[in-house]
Amino acid sequence: MHGAATSSELGVYAYAAAQVKKAMEVTHYLGGENYVFWGGREGYQSLLNTDMERELNHLARFMEAAVAYKKKIGFNGTLFIEPKPQEPTKHQYDWDAATAANFLRKYGLIDEFKLNIECNHATLSGHSCHHEVETARINGLLGNIDANSGDPQTGWDTDQFPMDVAEATLVMLSVIKNGGIAPGGFNFDAKLRRESTDVEDIFIAHIAGMDTLARGLRSAAKLIEDGSLNELVRKRYQSFDSEVGQVIEAGKGDFEMLEKKAFEWGEPKVPSAKQVK
Amino acid sequence: MHGAATSSELGVYAYAAAQVKKAMEVTHYLGGENYVFWGGREGYQSLLNTDMERELNHLARFMEAAVAYKKKIGFNGTLFIEPKPQEPTKHQYDWDAATAANFLRKYGLIDEFKLNIECNHATLSGHSCHHEVETARINGLLGNIDANSGDPQTGWDTDQFPMDVAEATLVMLSVIKNGGIAPGGFNFDAKLRRESTDVEDIFIAHIAGMDTLARGLRSAAKLIEDGSLNELVRKRYQSFDSEVGQVIEAGKGDFEMLEKKAFEWGEPKVPSAKQVK
Amino acid sequence: MHGAATSSELGVYAYAAAQVKKAMEVTHYLGGENYVFWGGREGYQSLLNTDMERELNHLARFMEAAVAYKKKIGFNGTLFIEPKPQEPTKHQYDWDAATAANFLRKYGLIDEFKLNIECNHATLSGHSCHHEVETARINGLLGNIDANSGDPQTGWDTDQFPMDVAEATLVMLSVIKNGGIAPGGFNFDAKLRRESTDVEDIFIAHIAGMDTLARGLRSAAKLIEDGSLNELVRKRYQSFDSEVGQVIEAGKGDFEMLEKKAFEWGEPKVPSAKQVK
Amino acid sequence: MHGAATSSELGVYAYAAAQVKKAMEVTHYLGGENYVFWGGREGYQSLLNTDMERELNHLARFMEAAVAYKKKIGFNGTLFIEPKPQEPTKHQYDWDAATAANFLRKYGLIDEFKLNIECNHATLSGHSCHHEVETARINGLLGNIDANSGDPQTGWDTDQFPMDVAEATLVMLSVIKNGGIAPGGFNFDAKLRRESTDVEDIFIAHIAGMDTLARGLRSAAKLIEDGSLNELVRKRYQSFDSEVGQVIEAGKGDFEMLEKKAFEWGEPKVPSAKQVK
C-alpha cells in the first residue's frame, strides 16, 4: 500500500488534507476570521484522461472534511471558495460564481461556504466583476472581494490594481445591498507590470487602488442617496407589485389565470429599460 | 389595471405564459416528446437598471407554472432548458450547463428539467462542447443535443453544421456513458454561411453533418471497445479503489486520519495523466 | 459571355464598381468631403474555397480604379478604408489598422487613403480603440473616427454609444497629437440596445455620447497642459536624445559601436515606466 | 553619460545589440541557416507612458543594424521575425503576420526578413494558423513554422504539440503552394501540460506531433492530386480569366467600362462558394 500511495492521486489527496489541516489550525491560533480555498489549479485539460464526476466527488468529500474539522477545533471563521476560470487548465471546476454555487448546492455545502470574488477572475470567465459579485450576493454567498482588475481583452490573470472608478462604484452598490461583507472584506490580490521597476511604484499603486475603492464607495452612496436609479428599477418592475403580480411572486400564478389575463390585456408593449449605451 | 398592464413587465409575463400554454397544448396534442425552453433572450445588459434577483425569481415562478400545467394536461414529455451565453445580452441567465443547474437546484426544479446542450453555445460560454455535455450528464441533466458547431474564435452564434469528427467522438463518448439520451436526441440547429448560395448545399451540409455524427459514434464505440483510454483513467484513479480511498469516497475520510496517512506516505508524486498535447 | 457574367464573381465586381461610381458622383455633387469604403463583408471563411491572394489583388485593382475615377471627376474628398474584423466572415481583409496599412503599402495606395477607425471594431480585433487610433496616426492614416463602443467581452459588433470618459480622453490625446482630423471628424455609428424602447432614449444617448467626447477632449487638454505625462514620457526616452541616441535615431548606430558602448556601460537597469496598474 | 546610460532605454538598446551581435556571430560560426527575432516582449501596456512611434523607429533602426551586420560578416542565413500577440504586454508590436509585414514595408525591410509563423501565436491573435501561414506566403514572407498549437479558447500561450491532422493539412497546403519553406522548416516550440509527469510522455508527444505533420502533408498531397478543391476554386474565380476579367487584373478596368458592363449584364447572382460548414 505504502509504495502505491506515494505516487498516486490518493497520496496527493492525503497530503493536501494534511496541509489544509495545519493551515486551518494556524489560522485559528492566530485569530483568523476567514479561510480561502483558492482552487486555482483544480480542473482538467481533457475528459479522455479525466473522470470529472469522480474528481468533483473527491473535491466535495474534501470540503466536507474541512467543514467537519473546522467545527471540531472550534474555528468559527468563514470558509471561502474563490471561483477561477482559466490557467493552468482550460476547464476549471470553480469557473465562476454560478458554477461554484451549483457545486455547493449539489453536495449540500451551500450553508457552509461563501465566495471570494476576484474581479480579474470574473472577467476571465466572460462576466463583469459586478455580475459575479451580484450573482454571489443573490445566492447568499458574497463574503469577500479580491480587489484587482484585469484587462477584459487579455486572456490571462494579470492581477492589476483596481483603478476603474466606474467598476468600483458598481461593485460597491452590490456590497451595500449586501449590508457589507464583514467578516470578509476587500484585499488587494494585485501586482505591478514588469514595466514598473521603481520601489515607490508599489506604494503608488496601493494608494491609487485604495482611493479607487473609496471613490467607488462614495459614488455608490451618492447614487443610492440620489435615488434616480432605484426609482428607474422600481418603476420597471412595479407591475409585479400589483395584485396579479403578487399572486405570481407568491407562486400561485398558474397558466390558466395568466392566459386569461393575456387575452384581457392584449399584446403588451415592453417598457423601456432606458439602456442608452 | 388594464392600461398599466398593456405596457409592463407583467403584461409580457402573462403574454409569454399564454404562448407557452398554447404551445405546450399543441405539443401534447401532436404527440410531442420534448419541450425546449430556449432562453436565448433572457438576460441583462446592466445591473443599474436590472433587479437580477427578482428576474430570476420570476423565471422560476414561470418554470414552476409550466411544470404544473404539464402535469395537469397529462403531458409526459421532457422539459428542457437550453443554456445560451452571449447575444443579445451580455449577461445571460442560462449561461452554461452549470449555471442552469444552479438555477434548477436553487428553485427546487432539478428533477423537473433536463438540458438541451448546443455545441455552439458551449464554445461561446468559454467551454468545449464535450465539457458542457459531460457537465450536464454528471448533474443528471443530459437530455438533448443541438448538434451544431461554431468557430471557437468567433464570438457570435454561427450555428454551423457539425463537421469535426474529433469533437463528435468526444460528445458521443458522453452520450454512451449516459446510456443514450432518449426520449431526446440530436437535432441540427444549423444553417449555411452566406457564401453558400446553391440549393444543393443544404443537402450536402445535412448529409455531411449526419455522417460526422455517425463517424463520431463509431469512433467512440471503437475507443470504448479498445479499452486503452478507460484503462488509463482507471489506473489514474485506482488508488481511490484502495481501502483508504473507499473510506474517503464514503465520506468518512477525516483530516486527522488523512494527516496520519500523509506522514506515513511522505510527499507524493503525481502520477502522469499522459496529457501529451 | 452575358450569361456567364450574370452569375459570377466578375459580375459582382462590375456591379459593385457601378455602384461606387454612382455613389462617388453623388457625393461629389452634394459637396461631400469624404468617402468611406466599409469593407465589412470583405473576407473569407475557409481557404479551401478561397484564393486570398487573387481576392486581395482584385480589391487593390478596385481601389486603384476608385482613386483614378475620383481624380477624373475632380472629387478632392478623402477616401477612407474602415478596418473591421469579425462578422460576417471570420477572416476579414481589413482586420485592423495595421492590416489595412499593410494592404495600402503593398499595392502602392498608402498616399491615396486614410483610415476610418471605429472603436467597436478596434475592440473586436483584440486592441483598444486608443491603439487603433494611434496606429493609424503614426502610419499617417488617421482621418476619421466612428465614435462608438462595444463591450470588450462580447464578440459581436454592438455599436453602442460612447459613454466611457477615460477611453474618450485617450482617443482625444491622439487626435490632438494628429493636429485634429479634418476634413474627417467624429460620427456616431451607434444604436440602442433592444431594452431601450422609448423614443426619447435615442436623444439621451446622443447627448450623453457627445458629452462624453466633449469631456474627453477637455480631459485630454488638461493632461497636456498639466504636462506630467508628457514629462514622464520625455524622461523615459531621454537617453535617446543623447549623442549616442541621436546617432542611433539617424540610422548610424551599427552593432560594433553599440557593443563597445554596452561593454563600457555594463548591464543596464530598466528605467521604470511607472505602469502602476 | 556613463551613469545615465546604465539606467536607460538607450543602455538596454546597446546591451541588446551586443547580445544579438554575439549570437549572430555564433550562429554564423556554427553554420546556422536562420536567425529568429522573437519579439515576444516587444510591446506596451499603455500609451500614456509610451511613445509607440519612437519605439517602432528604434526597432526599425535595430533591425537595419542587424541586416547590415549580417552582410558585413558574410552570414547568408535568413532573418526572421516571429509575430506574437499577447503576453506579457497587451499591445505587441509584431501582433500578427500582417502587422509584421506593415512594419517591414514601412521601414523598407520587406526584402531582408521572412516570418516565422507560430500556430499558437496565430490563434492568440484571433486568426487560424492557416490564415497566418497564407498571409505570410502571399506577402512573400513565409519562411519557417513553429509547429505547435494552442486551444483557441484559451488566451495564453500554451505551446502544445500539434495533434490536429485537419489543421496540419491546411498548413501543409500553403507550404506546398510556397514550394516548401527551405532553408527554414518546421520546429517544435512545444511543451507538455503539468499533468504529464512521465519522462516518456515527451517522446510520445514528439512522435505524435511528427506523425500529425506527416499525415497532414500526405493529406494535403492527396487533396492536391485529387484536384476537386482546386477545381472548385478555379471555377469560383474563372470569370476573371475572361477578357474583361483579364483587363481588370491588368489594372485597366476603369469604372466607366465596368459600369457599362454592369448595365449590360444586369444584377449578378453570387456563385456558391459551397461553404457548407
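Should a chain be cited, it is by its letter among A, B, C and D, assigned in written order, with residues numbered from 1 in that chain.
Going forward, contacts are C-beta pairs under 8 Å (C-beta built on N, C-alpha and C of every residue); 3 or more make two chains touch, one makes a residue touch a chain.
These figures come from a predicted structure and were not determined experimentally.
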Interface copy of B-D among A-B, A-C or B-C, judged by whether over half of the contact pairs recur: A-C
Pair sharing more residue contacts (C-beta pairs) when C-D is set against A-D: C-D
Gap in Å, rounded to a whole number, between the CA centres of subunit C and subunit A: 38
Rounded Å distance between subunit C and subunit D, as computed from the means of their C-alpha atoms: 22
Separation of subunit A from subunit D, taking each centre as the mean of its C-alpha atoms, in whole Å: 40
Multi-chain contact residues (two or more partners), subunit C: 45, 49, 90, 126-128, 153, 193, 195, 269-271, 273-275, 277
Topology of the chain contact graph, where touching chains are joined (line, ring, star, complete, other): complete
Parts of subunit C lying in touch with subunit B, wherever the complex brings them together: 45, 49, 86-90, 124, 151, 153-156, 193-195
Contacting residues of subunit D [partner subunit C, same complex]: 1-2, 4-15, 17-18, 20-22, 45-54, 56-58, 61, 64-66, 68-69, 85, 90-91, 95-96, 98-99, 101-103, 105-106, 125-128, 130-131, 134-135, 138-139, 170, 173-174, 229, 232-233, 236-240, 242-245, 248-249, 251, 253-256, 258-259, 261-271, 273-275, 277
Touching residues (chain side subunit D, partner subunit B) in the complex: 123, 126-128, 149, 152-153, 160-161, 163-164, 166, 192-193, 195-198, 201, 204-205, 208, 269-277
